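Heads up, the thing below is written out as structure tokens.
Every chain is named by a letter (A, B, C and D) in the order it is written, and numbering of its residues begins at 1.
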Amino acid sequence: MSKLRVSIVGASGLVGECLIKALLGHPRVELKLLVSEHAAGRAIGELLPALAGECELKTVSATPAEVAQASDVVFCAKKGAETFQWVPALLDGGAKVIDIGGEFRFRDAAVYETWYKEPHACKDLLKQTVWGLPELCREEIRAAKLVGNPGCYVTSAVLALAPFVAQGLVEDAGLIVDSYSGLSGAGRQFNAKLSNLFVDVDENLRAYGVGNHKHTPEIEQGLARAAGRDLKATFVPHLAPLDRGILTTAFARPKPGLTTEKALAALKDFHTPARAPFVRVRAAVGDVNVRDVAFTNYCDVSAQVVERSGQLVVASALDNLVKGAAGQALQNMNLMSGFEETLGLKGRSL
Amino acid sequence: MSKLRVSIVGASGLVGECLIKALLGHPRVELKLLVSEHAAGRAIGELLPALAGECELKTVSATPAEVAQASDVVFCAKKGAETFQWVPALLDGGAKVIDIGGEFRFRDAAVYETWYKEPHACKDLLKQTVWGLPELCREEIRAAKLVGNPGCYVTSAVLALAPFVAQGLVEDAGLIVDSYSGLSGAGRQFNAKLSNLFVDVDENLRAYGVGNHKHTPEIEQGLARAAGRDLKATFVPHLAPLDRGILTTAFARPKPGLTTEKALAALKDFHTPARAPFVRVRAAVGDVNVRDVAFTNYCDVSAQVVERSGQLVVASALDNLVKGAAGQALQNMNLMSGFEETLGLKGRSL
Amino acid sequence: MSKLRVSIVGASGLVGECLIKALLGHPRVELKLLVSEHAAGRAIGELLPALAGECELKTVSATPAEVAQASDVVFCAKKGAETFQWVPALLDGGAKVIDIGGEFRFRDAAVYETWYKEPHACKDLLKQTVWGLPELCREEIRAAKLVGNPGCYVTSAVLALAPFVAQGLVEDAGLIVDSYSGLSGAGRQFNAKLSNLFVDVDENLRAYGVGNHKHTPEIEQGLARAAGRDLKATFVPHLAPLDRGILTTAFARPKPGLTTEKALAALKDFHTPARAPFVRVRAAVGDVNVRDVAFTNYCDVSAQVVERSGQLVVASALDNLVKGAAGQALQNMNLMSGFEETLGLKGRSL
Amino acid sequence: MSKLRVSIVGASGLVGECLIKALLGHPRVELKLLVSEHAAGRAIGELLPALAGECELKTVSATPAEVAQASDVVFCAKKGAETFQWVPALLDGGAKVIDIGGEFRFRDAAVYETWYKEPHACKDLLKQTVWGLPELCREEIRAAKLVGNPGCYVTSAVLALAPFVAQGLVEDAGLIVDSYSGLSGAGRQFNAKLSNLFVDVDENLRAYGVGNHKHTPEIEQGLARAAGRDLKATFVPHLAPLDRGILTTAFARPKPGLTTEKALAALKDFHTPARAPFVRVRAAVGDVNVRDVAFTNYCDVSAQVVERSGQLVVASALDNLVKGAAGQALQNMNLMSGFEETLGLKGRSL
């Protein structure tokens, strides 16, 4: 069987590293070009020492046309202006593109421009862009040439709340997403910029970006997609002293009659093994553990109705680098390439 | 100046250790008896190696009458039946008592019995018991013979939300307390029982006790005290991989007109330096850091109104062993003994 | 191609979990029986929640004869009396056995009895037992029916020092192995017994077992194997607040003329890619990072001669559950089964 | 009693913060000027949020003459050229100086210039400079006007090995200092420069600076001071994922007859309570825990002779910011000012 030719633009970051690992072990993938402008010509095992012995490739400098010609699928892990330059050129060259950044996650360019505070330079591409959450958009992803891979918090929030808003089990008002993330959620440069030094993060917990985190509108877009109507959510992200993983505790106001039993059934009805092969419904909120999903493409969820105070509590856990980034991107690649959706994503850690 | 004679019953646990440290450095305290039935006769520096060189006392076995006779104030760090045996006997012996456990935190014995699933054996004492949150009950504490020291999560939740429910700035419905705690929040025995092994907690985040955590009714009692009417709250505690500290993110539905500016003003109006010498109002929710309060008796708080989704977000951080236990107990001792409230609690870590 | 039938006795511990993960993704393995006496009949995804969705097997209770009949290779992860009962019966039944515990690591039963303080009940098996460090014993492993899988510290120490004692580059006297391990190095039961609670390990470092750790004689046996003569080593293990990984800093007295350059060459000459496909020689001692080997079967090593003080410093890092246990066991299984040595161990995390 | 007027030059770093905390709670100190050129005019509680409510001072910009005039003792926490400018000017102005950096730790300017790779601009001051390890240099410190406060690793290494080299119990050759440090050991700027991001340090262990760490010659100077003759040591520092604390495991070759019992006696004979009020001799190497010394000025030590391999193993633990920096500086201030040596350092954490 011929192999899918795959390249990565922006290969040397945290997500790039996780992508390379994931692709190296994928049985139907041939890794072609690892593009890294600022570190071209270096052996990948030198740039990312954990990969020494795993990959003989060197990073290269290449034009979009060269990358497109060498590849069936390209993962683009750049930001802003660079993304707007690379993505259309890769598509023009005939490659399918999975964009890891925020530039192609929104149908509405105005939302991007408002929250990312940058003009959107590829508005004409948005019509054909597909938001890459397989549990909600599988068929569109299969047919897509350009997929905007969802944000890590977003995946965690939407997989938790979508079953309830889609099935009309909760009120529209009062959706809350309270999330704690490990530090790998942000890229290395971002970590450096925010001075996420060990001495500031260790033994600490704190919120950040309340009210203006860029994942907020994407969470709302995802919930709107599930509900069929516009929804607002309050999103509060926090940093916790761990490397990988997000735990989201979401709150919603249950409609009359919703019980814990029904809430769990709603999760199972929505996230069937066929529709959500990487979502595991746990028996209780306290059974959702970051440790159980770390280094995997799983997202664990559970729910409980606290009847005395009238709240639905939904928990979800995922690995921000895997189901929150590289693993989900691979899942999208599988769908776009006609492979089995779970190929290279089960039976191994990432 | 004569010194206050102070003893501890249950001296060898995590809170006992923190209490001993705090009392050793208190300028008006003479530490008398450290009672530990199961470890009587051992040098405190042998039992608690961090205290070697700091304290020459040995743990003793003693009757309540002996302890009461030797002491002006006794901290009781026992649970259930032992507490119900010690506390009345200490009071009978003439000592003032600060009880660290849950047995004397509730006015209503039925609440205790429902949530702690044990009969309350000292109902007649509840009338004279004072719940020891100085920011709400200062004058009663000054006059009290028996103080029930508040739970750690409770302190964190009530200091965050009391200003808003007291000043009528939020709806009664929809109060949510989403908290993450370090592992020292539970005693050593409890940690062992729940098998909080390093390999299970490190790099993990998870909820527990949703809907049935014993601090739930105490949070509601505290909020009712502030509001002047009964209130319900949804409380979701979590474990995070750190030793000390609780970060609470609380949510409430703002009444019309509440802005971030007004919310911060409400915090400052309620937690004035005089009424809350250990509460610091930070300029933004993201400025509330567990690291800034660890090993201190401070509780940092801040608030933000997310207007687009209609939620008030309140953050609070404290050290579960200090403001959440031993430090607050010392603050109560100061009040009960006519000392300056902050004596031995500022200018040092604990 | 027919698949190798593989079973695990003692499947529910930390090493068992890592073994199952590793075997599930091995292209030539069919996982047959997961034997767990105390938890028989439970779905593996219920017992080890991280494996939910990955493995439909249930744990079983079975006799050694039944296990042997169903399996070509059996991993035995038991201790003491149970091991002495299982291993000979499995061999009698015709299965090859890889024993994870300490019972079959020594040629000399007296060494086992001295250090493990238990009688050795299978002395007659020791003649055919092979110590399973592929870098030193590859050909014997290929032919073995019973392999004693090396200890985690031992692997780390021997891969660091063997090149130097084998090539006569250091003095026999003065070998020192100073190691720091994450907590997964000990099994869950051992962690519970030693009360390795989070609150005792977090933000702590300490030595343990100095002079009497059971890996001491095995380190010496491995060095003797490499050197061709008996050697003594001082071994000091420590606990560090991490989950996975061992960093060993070994010291030896260089013979005249040994330089850093020659020391690095000695590592490369000994650990050629053919003889040591999972040993990576790093350019400098400071380039040996636990993070680079975590979740992999690699052992990274490097060396430096500090000429002014006359010491050779050798660093090695490995994952105690992978190259220190389950991964190395798989490597041995590959050798014993005629598979490529690296099959199922490269291109994936474990 | 009049108070000692104390100022800090370089107040906004990690050591500065710890110094301020320590000085605020010292009963005989009046904190005068907190000099911070790049952040002058800011409230200390704004610059160091953990100190909000503890200290009303603002950082100032001031000349050395102004600082000297306002102060009896000045702590100088600068480096290189700035130190060489400040220290002589402060002394000229009549203040006593405790220098926290490396500039005044060596008797021999050539050692400084070789290891710090900078010219020493104040060679004439070195004759009157006293190296500030109280356990070795108490009487000189009492009389000193300028004290060079020892390095954190150095304190840990010298307190461990000095008893043995001083009492002639070990060979001169073969001294090894293998140390693991938390991240607060380096200043915030240094952490940023080395990119000690959480994602690089968490779950990692690694060596650095082998053979060229600046503390190497200072360790040797300290051991020479104790032994009365020049000594060499091999020093290997490592980073471990914790905030505060150093654990040193030191090795030496015992002279004939040295047993564990005698080694422990040697520690006790050398570190008597009178000569070493902050050194605690623990019963076993495994009883030396970083957690027991964190946030205190104690250094815990113990020793064991491993007779079968002929090595003395000595363990020591201290808090790099306290006994390794700010606490030891306060101890020196006490000695230089005629206060009790332990004043403000016992009965509290720092």
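In this text, a residue touches a chain if its C-beta (ideal position, glycine included) is under 8 Å from a C-beta of that chain, and two chains touch if they have at least 3 such contacts.
Keep in mind that what you see is a predicted model, and the values were worked out from it rather than measured.
Colleague: For chain B and chain C, which third chains touch each of them?
Modeller: Where chain B and chain C share a partner, that partner set is A, D.
Colleague: Counting C-beta pairs in contact, which comes out ahead: C-D or A-D?
Modeller: Result of the comparison of A-D and C-D: C-D.
Colleague: From the centre of chain A, which other chain's Cα mean sits the farthest off?
Modeller: Comparing chain centres, D lies farthest from chain A.
Colleague: Quick check: how many Å separate the C-alpha centres of chain A and chain C?
Modeller: From the centre of chain A to the centre of chain C is 36 Å.
Colleague: Between chain A and chain D, what's the gap in Å when you average each chain's C-alpha atoms?
Modeller: Going by mean C-alpha positions, chain A sits 46 Å from chain D.
Colleague: Averaged over CA atoms, how far is the centre of chain C from the centre of chain D? Could you give it in whole Å?
Modeller: Each chain reduced to its C-alpha mean, chain C and chain D end up 40 Å apart.
Colleague: Where in chain C do residues touch two or more of the other chains?
Modeller: Each of 200, 202-203, 241-243, 289, 291 in chain C touches at least two other chains.
Colleague: Hey, which residues of chain D end up touching chain C in the complex?
Modeller: 173-176, 178, 180, 182, 200, 202-211, 232-234, 236, 238, 240-245, 247, 249, 251, 253, 284-286, 288-291, 294, 304, 306, 308-311, 313, 315, 317
Colleague: Under the definition above, what is the set of chain A residues touching chain C in their complex?
Modeller: For chain A paired with chain C, touching residues are 21, 24-25, 49-50, 52-54, 203, 277-278, 280, 282, 287, 289, 291-293, 295-296, 298, 346-350.
Colleague: Once bound in the complex, which stretches of chain D touch chain A?
Modeller: 14, 183-184, 188, 191-192, 195-203, 241-243
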